[in-house]
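Shared between the two complexes below is subunit A, which pairs with subunit B and subunit C, respectively.
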Partner chain A sequence: MNTVLSRANSLFAFSLSVMAALTFGCFVTTAFKDRRVPVDIHVSRVMLKNVDDFTGPRERSDLGFVTFDLSADLQPVFDWNVKQLFIYLSAEYTTRSNALNQVVLWDKIVLRGESTKLNLRDMKSKYFFFDDGNGLRANKNITLTLSWNVVPNAGILPLVAGSGHVSLPFPDMYESTKSY
Partner chain B sequence: MQCCAFVLQLYYQVLNFGMIVSSALMIWKGLMVVTGSESPIVVVLSGSMEPAFHRGDLLFLTNRVEDPIRVGEIVVFRIEGREIPIVHRVLKIHEKENGDIKFLTKGDNNAVDDRGLYKQGQHWLEKKDVVGRARGFVPYIGIVTILMNDYPKFKYAVLFMLGLFVLVHRE
Partner chain C sequence: MLSIFKTIPSHMDYKGQKLAEQIFQGIILISAVIGFVFGLFVEQFGWTVYIVLAGFAVSCVLTLPPWPMYRKNPLSWQPPLPEMSSEPSQKPQETTKKKKHK
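Let's turn to the complex of A and B:
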């Protein structure tokens, strides 16, 4: 311990050890926490069209439009090890051609420090709700769930589904109006 | 006798070095088996997943067959014919009864989905394109890898110093 170099070396090694221990502590203290909160989803309007899928495979597919309301209080999910929440509303359903379909309709990033109360009305979907084929028409059961991906400062990246989902049927007929 | 002692010392150093290298390799291969992924630890290379991940963050991946791909998951995938792995989020999945799945991805920080990144005429990704799903995350640590890639002189300097340290250090 008698030269600047060896002192600097010890200091550096010690800082690294402390940082590693803190990081591990962050991870271990929040690894098994339950990050679910109740969520309220309400759908006010559903419309169905049948057009060429312009977002990719150019086949005639069902295009759904859903207008929804969301409310949730995400404050309990945040703690010292949460950097942000990636929230997404997904629709899950079964069709004749595919046993399972999941489509993200809307998403939002909530950073630590931002407002954690979600209270959204009359929201339109952010992404086009195209089916792989024509399976939305007369589909009785489309389930909307709000989930979030917890991004920690360090540690596990869990996907958590909020408790509270809503199922809705799609209409039997296509609309040919231009409006949405 | 002085010469013999020196040669023994040298053998010892070389064997020691060999042990360290093979232990590291075995740990890496063991991780590959346990996680089911060909690359269980990756460094984030682009800013397309900000503010969640920045360049230099480390991701821990798994790719177990019994874990199905679902929306919202962060997947690391390779596009056919390209080497660089991409870290993005699953936006859409269509899965058949027999387990065949096709899915679409998008980076959080990108305005549009990844169809512009896929091969010409490719609209979906499949299980075979996936390197792994991100399950754990540590910030900043991977910066060293990026520095070594962007500044090759730095990489040679680090390797040289390491080699020097191992040879000169007397246990």
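Let's turn to the complex of A and C:
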């Protein structure tokens, strides 16, 4: 029977199929895009303390304070299949107990339509840079990298590391903690 | 309530049904192509969705109501045969018996 309802049903089903095909096309046009962007990270100040870590191993652990400058233009990352970027600055380093330590120091969400130029001066880290022991003191190679998650309309959720990272040595001495 | 809707004519003849289907498929495919190209151009997938939805609305208006252009080829039925004298009186009786059994 061909009625108004059956015609509406086939019309709606056909439109949905076409929308699904278009969404897949949107994914295909951006699937093989290189979303790396040059990033300029500059660390202006490093401070190291040895404090009680009440959440972790119940010992005095190394706590780093990093002040950094960050500049990048994220405009090339955005296209019609990007809703937002989740940007985060992470520190990677090696200690005797762990071959790879990764600590997220700072993050930011850049929504579509917002300003894509990052130009940040004298930023303090958002999260504590705690080591799970004493691996930060005199560590000569701590690498800061800016990476981002691309949140798409359709398709995979790529994790991209920005090209341009900075390696820095940490001081040999602890900053003297004031007694309060 | 439903009887009101049933009185609204919604019939299309067979050629009209085929024409209606071709029309809505064509409109939606064309709007999909336009929307995809335009969305790719302005880098906004939302525009693609809106253009396809507009095509959906246009084809709803064009093909859901039984417009006169879908009723141009009505089926030519045979002229009604003269009725037999005995059958019409028997058949209703059979149906009433069946209903009584239920």
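Following the convention adopted for this analysis, the second predicted complex is superposed on the first by the 170 of 180 C-alpha atoms of A that agree within 3 Å, B and C clash if a C-alpha of one lies under 4 Å from a C-alpha of the other, contacts with A are read in each partner's own complex, and residues count from 1 in each chain.
The working rule: a residue touches a chain if its C-beta (ideal position, glycine included) is under 8 Å from a C-beta of that chain, and two chains touch if they have at least 3 such contacts.
None of these values were measured; they are calculated from a predicted model.
Asks: Let's test your reading of the overlay: on subunit A, do subunit B and subunit C clash or fit side by side?
Replies: Result for subunit B and subunit C: fit.
Asks: Now for A:Val18: first (subunit B), second (subunit C), both, or neither, which partner does it touch?
Replies: second
Asks: Go through the superposed model and pick first if A:Asn81 touches only subunit B, second if only subunit C, both, or neither.
Replies: In the superposition, A:Asn81 touches subunit C alone.
Asks: Have a look and say if subunit B or subunit C is in touch with more residues of subunit A.
Replies: B
Asks: After lining up the shared chain so the two structures overlap, which partner does A:Val104 touch, if you call subunit B first and subunit C second: first, second, both or neither?
Replies: first
Asks: Let me test your reading of the model: by the given contact rule, A:Asn153 touches which partner, first (subunit B), second (subunit C), both or neither?
Replies: A:Asn153 sits against subunit B and subunit C alike.
Asks: Return first, second, both or neither, reflecting whether A:Thr3 touches subunit B, subunit C, both chains, or no partner chain.
Replies: In the superposition, A:Thr3 touches subunit C alone.
Asks: Report, in whole Å, the shortest distance between any C-alpha atom of subunit B and any C-alpha atom of subunit C after the two complexes are superposed.
Replies: The answer is 13 Å, the least C-alpha separation in the overlay.
Asks: Which subunit A residues lie in the overlap of the subunit B contact set and the subunit C contact set?
Replies: The overlap between the subunit B and subunit C interfaces on subunit A comprises residues 23, 153.
Asks: For the complex, which residues does subunit C have touching subunit A?
Replies: Its residues touching subunit A are 8, 10-12, 17, 20-21, 24-25, 28-29, 32, 35-36, 39-40, 42-45, 48-49, 52, 55-56, 59-60, 63-66.
Asks: Inside the complex, what are the residues of subunit A that reach subunit C?
Replies: 2-4, 7-8, 10-12, 14-15, 18-19, 21-23, 25-26, 29, 78-81, 153
Asks: Using the touch definition up top, name the residues of subunit A that touch subunit B in the complex.
Replies: So the residues of subunit A in touch with subunit B come to 23, 27, 55-57, 83-84, 86, 88, 90, 97-104, 109, 111, 127, 132, 147, 149, 151-157, 159.
Asks: Can you check the complex and tell me which residues of subunit B touch subunit A?
Replies: By the definition above, subunit B touches subunit A via 51-53, 70-74, 89, 91-97, 102, 104, 108, 113, 115, 123-124, 134-139.
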